[in-house]
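Each structure below is given as structure tokens.
Two complexes follow with chain A in common, the first pairing it with chain B and the second with chain C.
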Partner chain A sequence: MTSTLALTLAAAFAVSGIGGNGDYASLPGGSFRSALDYEDVPGNVTLAPFAMMKRPVTNGEFLEFVKANPQWRRDRVATVMAEPRYLSHWAGPAELGEARAAQPVVQVSWFAASAYCEAQGARLPTWNEWEYAAAADETRRDARRDPVWRERILAWYSRPSDSALPRAGLQTPNAYGIQDLHGLVWEWTDDYSSLLVDADNRNQGDPDNARFCGAGALSMDDRDNYAVLMRVAMLSSLDAPDTTANLGFRCARDLP
Partner chain B sequence: MTASMRYLIPMLAVMALLLSGCDRDAATAPDTATTARTDADTGGSRKGDFGPPQGKPVEAVLTSPPHVPPPTGRDHPAKVVVELEVVEKVMPISEGVDYTFWTFGGTVPGSFIRVRQGDTVEFHLRNMPDSKMPHNIDLHGVTGPGGGATSSFTAPGHVTRFSFKALNAGLYVYHCATAPVGMHVANGMYGLILVEPPDGLPPVDKEYYVMQGDFYTTGKYREKGLQGFDMEKAIDEHPTYVLFNGAEGSLTGDKVLTANTGENVRLYVGNGGPNLVSSFHVIGEIFDKVWYEGGTKYQENVQTTLIPSGGAAMMEFHMEVPGSYVLVDHSLFRAFNKGALGILQASGPEDKSIYSGLEVDAVYIGDRAQANMEAVATAAESASTGDLTVEQQVKAGEALFLGTCSTCHQANGAGMEGVFPPLAKSDYIAADPKSLPRVILHGLQGPVTVNGTDYNSIMPPMSQLTDDEVANISTYVLNSWGNPGGRVTKAEAAEIRKAKPANASAGH
Partner chain C sequence: MTRLLQILAAGALLLASLPGVAASPATDPPLPRDSIYQLPVQLTDHARRTRGWAVLRGKPRLVGMFYTSCQYICPLIVDSGRAIEKQLTPAERARLGVVLISMDPERDTPAALKKVIDQRKLDGARWTLASPPAGEVREVAGVLGIRYRPLADGEFNHTSALVLVDADGRILARTEQMGSRPDPEFVAVVKQALR
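Right, the complex of A and B next:
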């Protein structure tokens, strides 16, 4: 029964490949209050207009990339670019198996995600771009002060991650027309390695901690915003070759 | 060393006990502990009067937090003159946030006072002429009605005087006791007075003064600008800030407490309240000794010590490993979301034999590397209605519901009262089961009443869902939480997708 269903499903997902590789939403630039407090950029951060993929890159899309760029197959990738778990949820180096084509791709390293975007003539979004886009709910461009919205986001964090991921694009688009920024997977950002949240975030205000000094130093300015805090904490725990079962990505591009 | 041996104190050694507390030396005494288990006491106030003050009156040294005056170093009772000034002033409570504090000596907490047991304290309380309020002082180290409050009620532009003999040794809170007392305390009117035992406290390398308090502002945590006192939050005991030394950042950044490895540090920690009890903890240290409740005896090897509102404790620890030690109220949301956080920074050479630092960060592959296959199969079902039974549709719909609808309507369909209507036992659904796929596909706006509660939010259209997905989610909801049952087919969903109702909400 299960295998029959799986076959039916493969067909259904093939049909529902809504929004292919090139499906981006355009976002206006603007001034934005980040939840992170940058020592070198007091006040708001300014963003140039950019475009962002409407939903995360899927297994199916990443499979095409791997086929076209075999150096990114899991059996051929340079070990410094991806840890042993890279694409380990696929049946083979170029075969999805039980992994669904429409699910967001996970178990991808930062290097692999960057290479994918580059191959599309794009790049990973910066943290601020991601945060800017993700501040929106279905009707408002900045819903962050709404406690109800915060609770909705947190509900995802409190669910166990032992069930299969839903397909990308299942959730309602936000005010920019972008889906799945919350409630599906973590996402790499281009500058994730500058998100230096201390390994022990209880050391807030510690002058002796190198991670809090220098240009990239920052700390949480909006401590109620647990949704953002957890994203940042997650990303800052990783190295670029790392992969996890809940971490995917989407690409972004500059707009003229 | 057994506990009973440790607490064995020869009856004649009462004064020695004052010096050394539960002295380890006592353990070397003959083991007659089986019959002498009670701790010898200090005699309290009955034994605290060492006669009239001797010599010239002494001006008390008062210090601002986090500093502590030097030991009195005296071996005789003296007359100690304390001159404390009440100042009402605006100070930052957090970055960009101001608050009108009422203070003893211009700081929160107020000036630290240090005297010796048996001293006669001549207390002068001055209230600045530009104060708005009358104030007084209740020192917990005073023996007498009101702890001084009845003799120190001081109008703006006045000074009052009273004297007391410090009969009991210990660390005591003082605070303003003018009505409304809670408000005066909530505005920062508290501090500590240390009454040293006759032979002083064991010398240490560093002493610091830290005091916790809870604050109630009209604005939210870190809401910028001048914030007023919120009496309602204070009565509800819902503080906006819980702070050490009266401001966020008072013990962080360039104001951290410092020590060197190899040093003994003693903290004098009070809790002004007015409401919360503190679970005081220093992350990464263990208190070698805690004079709990600020009293005469100490406990050893303590992780967290409880400091009641209007209480205090002394704690001592030896620094071995350099680095930052974080002072917190271990009621942790107070520490990380309301400000109760400070840092003690220890300098000195690393000792890797005591603490190695990070040694390994390697890939760990647990025995549950991937989501279980049953769940994958469920997800597979979710994309298709094909030949599915109602049960299969329900199972498929559940996975989809969790992935999308549950963020608002909750995993148990209960919704959120007044914001997101319930789907559980819903009279709205019972009255029109086909409303489910219709609302999913076209959204809903305008007032609705569900199970007797009015709702007027916007549900966006979920047109990104396939007809299969809409059918499965609808069928799941119909068959869950006391709803009437039934099913919605893919064909029905497709039909409904084509017909936009009048109360549809806007798409994107």
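Right, the complex of A and C next:
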């Protein structure tokens, strides 16, 4: 028993040594063609330089946060900020059990993810930052036009989601040195609730049923980019207290 | 030993009351875990008061979001609040508060908010128009289930809702039916909350 515990701890430390808490990659700013096309933002979006965690936050890291901030324990959290499934895959409010320390944390609400990043002096990435970082493959900063790469990403979405999550940080880093943007979990963005997709297109143009105020409609600029399209559809369907078994997060920071 | 237990108990009480401590008198019981006022946010209202929004505790309220320069749906939110008030008896009306929170705090200063109170002839005793700090708008929107995106021209693309909360900030119902004809089912829940 003791040796198992020691081994588990050693493994946890080894992993955190590789891509641990606070290990960020720096990304240059730049001009970027988003797959999302907004009426009011023609052309490219401009990004300031920023840093992003090399891999998603793990169960082990989130457990440390919960222990230091007990108001985020699942048995104490304000339920307007986290639904009943929040951290429900853990054995107890401050005990992982079957959930492994090195797996990405899931079943976290937007509020909890934001609070974690804030405690690190960071924030959640914006959608644009996430999409910009996730456009890279292992060698190219923008691999989105490559059909082979697209196929590879899409293959993950077609895998059944009921099997155990691999641990974070196993995949080859992309051109920025970031891992697991595809192929592991979905991820919150800071501005997830700015993705406004009307569930029912028949309502468009009918002022009595208009869900959104007037202008600024969102359309997909790149209709073949299904991977991005699915992320947008998923994020646009979530409320801030929601959690799912495949939704985690990573943090980002401004760079001077 | 007894002394130690007393200290521990006092500590536990103090911890339990922390979320609401900034805003409410020490005599208030702790906020329920499902209260929207669990979100720690300071609002600056049309009367220039900056306070934790837990001061809104104490009576049922309709809570929505808006911004004063809105050309489209936002005037409708005021209409919607008034339309619901119109379905109430004067006694019921006096027991209900209406709170509209700005998604545009940079422009919605107390003066801008006051202008809407005056122009729309709203009763400042029942209606609260207020702005959160700029960095906390999305959190307020998060507990109210409202989505929005700032547009390049300063307008906002957003969903519209009025959320009914009880005296402790627990969400009882919400309506996205805006305009002068409120959803009768929603009005019924409002009346029930005011009994």
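Note that the second predicted complex is superposed on the first by the 222 of 256 C-alpha atoms of A that agree within 3 Å, B and C clash if a C-alpha of one lies under 4 Å from a C-alpha of the other, contacts with A are read in each partner's own complex, and residues count from 1 in each chain.
Assume a residue touches a chain if its C-beta (ideal position, glycine included) is under 8 Å from a C-beta of that chain, and two chains touch if they have at least 3 such contacts.
All figures in this text were calculated on a predicted structure; none of them were measured in a lab.
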In the overlaid three-chain picture, which partner chain does A:194 touch, first (chain B) or second (chain C), both, or neither? second
Looking at A:139 after the superposition, I want to know if it touches chain B, chain C, both of them or none. Which is it: first, second, both, neither? first
Tell me which partner A:100 touches in the superposition: chain B (first), chain C (second), both or neither. first
Pick one for A:177: touches chain B only (first), chain C only (second), both, or neither. first
In the overlay, answer first, second, both or neither for which of chain B and chain C A:85 touches. first
When the two structures are overlaid on chain A, which partner does A:250 contact: first (chain B), second (chain C), both, or neither? neither
Which chain makes contact with more of the residues of chain A, chain B or else chain C? B
Quick check on the superposed pair: does A:148 touch chain B, chain C, both, or neither? Answer first, second, both or neither. first
Contacts of A:166 with chain B and chain C, given as first, second, both or neither: first
Both partners, chain B and chain C, contact chain A at residues 208
Touching chain C in the complex: which residues of chain A? 40-41, 71, 76-81, 110-111, 114, 190-191, 193-196, 208, 210-217, 236, 239-241
In the complex, the residues of chain B that touch chain A are 221-222, 249, 252-254, 256, 283, 323-324, 326, 328, 335-337, 341, 343, 345, 363, 365, 368-373, 375-384, 386, 399-400, 402-404, 406-408, 410-411, 416, 419, 458, 460-462, 464-466, 468-469, 508
List the residues on chain A that touch chain B in their complex, please. 2, 5-6, 8-9, 12-13, 16, 18, 83-85, 88-89, 98, 100, 102-103, 138-139, 148, 151-153, 155-156, 159, 161-167, 169-173, 175, 177, 179, 182-184, 200-209, 223-224, 245
Could you pull out which chain C residues touch chain A in their complex? 19, 33-36, 38-39, 70-74, 138-139, 141-143, 145-153, 155-160, 171, 176, 179
